[in-house]
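Which chain is which? They are A, B and C, in the order written, and residues in each are numbered from 1.
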Amino acid sequence: MTDTNASFPARVTAGFDRFGGVLWLPVLLAIVALLLIGQPSTWATLTIAGLAMGMMIFLMASGLSLIFGLMDVLNFGHSAFVTAGAFIGATVLAWLGFWVTGSNPALNVMGLLIAITVATVFGALAGWFFERVVIRPVYQDHLRQILITVGALIVAEELVLLVWGGAPIPVPRPAALTGSFVLGGVSVEIYRIFAFLLGLAVYIAMYLVLNRTRLGLLIRAGVENREMVEALGFRIDRLFILVFMAGSALAAMGGAMWAGYQGLITAAIGSEMMILVFIVVIIGGLGSIQGSLLGAILVGLMANYVAFLMPKMALASNMLLMMTILLWRPYGLLPAVKR
Amino acid sequence: MAPVLRLEDVHTDIGQYQILHGVSLDVPEGGVHVILGRNGAGKTTTLRTIMGLWKARRGAILFRGENISRLPTPDIAQRGIAFVPENMGIFGGLTVEENMRLATKDGRFDAERLARIHDIFPAIGQFWNKPAHALSGGQKQMLAVSRAIVERRELILIDEPTKGLAPSIIRNMIAAFREIAEETTILLVEQNFHFAKALGQTVAVIDDGGIVHRGAMAELATDVTLQSRFLSLSLEAH
Amino acid sequence: MLQASASGTSARKAGRTRGHQGGRFVVYALVGLIGLALALAPFLFPDVRSQEVAARICVFIVLVASYDLLIGYTGIVSFAHTMFFGMGAYGTAIALKSMGPGFEAILIGGGAGIIAALVLALLIGLLSLRVKAIFFAMVTLAAASVMMVLASQLSDFTGGEDGITYSIPRLFSPAFELLTDAEGKALRLFGVPLNGKIALYYFVFITALVLFLALLRIVASPLGSVLQAIRENEMRAEAIGYRVVFYRTAIFCIAAGVAACAGILRAVWLKYTGPEVVLSFDIMIDILLMVVIGGMGTMLGAVIGVVLMTLAQYYLKDLMAVGAEATASLPIVPDLLNPERWLLWLGLCFILLVYFFPAGIAGTMMGKGGHK
């Protein structure tokens, strides 16, 4: 990357990268926001909300990014897993009834964890089915892949409507995770902390799998050069189905978390989030987990700050963010493949 | 002796372009064997077809008597065929060690082999824990070859290893390939006749998707008429 | 990238060309018949609903054909086509609302919409057509969504979710009489009064026809063969010296401009413009389904796809309602036949079609298109 005869801008970029480079962007964004907002307590609340939202988006985006990185498969049906996760999570929470609404915090948290687990397992199984039936026949054919996954998205959304109907569904939120506490004059919603910690745990787990295991080594290599991994004797399609299942499971987990955060869900929940997820994947760099995390946090912060400063511009601001970053780095901030 | 690899009338298409039409070739056991040809003659396509990365439309590829032309690439690799592609196929985001480890059967290195590789290519040991994208072109080529020999292979396919390398590194490569060829068979694709001449035992000249000459390297190396007939095509004449 | 996607097509291609003379004739005949039916629609199907269907078909043929130029001829997958459609429509609508119902409003507003679409297409194209097809699809999807949000939020300008209602030139109103008979009433031809509504329909029909013929001309021109070369093999085209990004951006702009024109027609016909009728993602899905069902890369397929889908949209739902009622006593079945679920069946058909007949109806019959 840093050739000795690199041009001047390349060397500046290299120096910039050495000091953490793009990783400071969220910090920069937060500082600018603090200056614009003015009140530290409001800023802190927004920052926490942004981080929590970012982590939930990360859950949804990381799988999509890895799936794309490994197989060049962009699953436009990914949002169906988010929607399914949200509805299954909400249904399980409703079933558990007293567990969730009762006053025993241990049961509360347990209830939420069960709901998230069920959603995640469903996501993995649905991912397996989806990969086998929908995607496998059209590997390597981008056009048909986009068409088929869009078709599958339509069908999946209709199925959700068939099962749960079109009316918005309330999501019971566990009593122990409802409400907020005040810390140094800043009111902090408990659910946001929970969401942030869960996202962080998933990120750490993914990081360890990718960097400490042979499976992770294979995935990282496959993202860079699928053909060479096959030429070394590994069945990349078997690897891919695992990654696909994991990615779908994470999307469903993110959906379940988001459902709990929203409190009221409709069948459009997945497609609404998908725009942000796509923006995250694009600005983060396809195929990169770190990139997804960075992108998700940037998008989460941006959405919350702008929603406070200029409510009408919230989504457009993230679009502008994407455009700016694409102009600066056409392959995203932290692309997986070293060029 | 039966050849390690035999190509019988192999046809390969890429899109609507017919790249190979009827390549037949024997690769004898042991030593270095060379396919020479100019750019676009079908050299790379031949190697990629053997490796299963492009599928032959017609013909057979016999590896130790078994037709592998319909097998998926990983199965071909598992039969003991290693491939060093033209772009070297280095995983730049992985360290040198990870690149090497990936090429082992079960993630464990054979200490003896590793020591020998470090001996042949000192740079590999020197940059062991560095990310591979930081290597120079020559070092990347060394890594690509090392990766191919980290396990004992039956056959190693190498696509233009001298491309873009400095003469001193090419001399190193010649020595390295001689050593490697003591335990395995190498099928080399080249444009650089002098490099090929120094290593090859047999040679096949490919042009326009077909083999136009086959024989011992010694014969071609001494016969100037043959050389001008087949190699004046556009091989560098130095 | 190149290797795997391209391999194996040539063998199939060879077998395709022969034996499709008959199919080709059927497609031409079908398209001719549709054209004739549309040309005579006000007299053949004089009721209000059929008029609505016919006008919608005209507009969508242009919209879908321009999308075919992208997806079928250039291999670009864009989700921003409704965005350009909407820009034409909103430009016209806003001008008609603020300047009053005149032709100059249509001209200025529509022109502004077209120019805005071209500029935006140029920006998006230059920014992201360099990268992979999939990447581009995502960027356009994001852009289109933002545009949708903008349209519903800038309500002072666009009327928000409610959209804009406005009047159109008097020439196009049903009260305007093109020809009068002795009693001063609108002259009737085959029992149909020759009023402004007819004028409006023919305005839509003829403009759509001209645009469609222009698109046909483009794909038959040298530009069309360049596109073909790019689609078949991007790297080779680059090597031959075609500036791939330049051509793709040019095509993206042309398609955007034509889509904006279709938007103008839609706005004038409906006398109403809102996010639901010109911008929503459902319309994008419709366009996608129409072009794939009809046959990508054939242009004529657009005609067939639009007619089929539009008829299905208007009439299949009725049929499903009947079916749901008839099976009301059974479990699940009536839910599945609920007209609201018609997209479920369409989606399934679509998936099967992409698997088994990627060339679509026209492509399969004519033995072309539906590359890869």
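Definition applied: a residue touches a chain if its C-beta (ideal position, glycine included) is under 8 Å from a C-beta of that chain, and two chains touch if they have at least 3 such contacts.
Keep in mind that this is a model prediction, so the values were computed, not measured.
S.K.: Central chain, going by Cα centroids?
M.R.: A
S.K.: Which chain has its C-alpha centre farthest away from the C-alpha centre of chain A?
M.R.: B
S.K.: Starting from the mean Cα coordinates of chain A and chain B, work out the distance between those two points in Å.
M.R.: 42
S.K.: Round to the nearest whole Å and give the separation of the Cα centres of chain A and chain C.
M.R.: 33
S.K.: If you average the CA atoms of chain B and of chain C, how many Å lie between those two points?
M.R.: Measuring from centre to centre gives 52 Å for this pair.
S.K.: Residues of chain B that touch two or more other chains: which are they?
M.R.: Only 53 qualify.
S.K.: Using the touch rule from the top, collect the residues of chain C that touch chain A in their complex.
M.R.: That would be residues 1, 4-5, 71, 75, 77, 127-128, 130-135, 137-139, 141-143, 145-146, 149-150, 153-154, 281, 285, 288, 292, 296, 335-336, 340-341, 343-344, 346-348, 350-351, 354-355, 358, 371-372 of chain C.
S.K.: If you look only at chain B, which of its residues touch chain A in the complex?
M.R.: Residues 51, 53, 72-74, 77-78, 82-83, 85, 89, 91-94, 98, 101-103, 107, 131, 133-134, 147 of chain B touch chain A in their complex.
S.K.: Within the complex, which stretch of chain A touches chain C?
M.R.: Listed in rising order, the residues are 68, 72, 74, 76, 134, 137-138, 140-144, 146-148, 150-152, 154-155, 157-159, 161-162, 166, 271, 275, 278-279, 281-282, 286, 312, 315-316, 319, 322-323, 326-327, 330-331.
S.K.: Which part of chain A faces chain B closely enough to touch in the complex?
M.R.: Result: residues 1-2, 214, 217-218, 220-221, 223-225, 227-236, 336-339 of chain A touch chain B.
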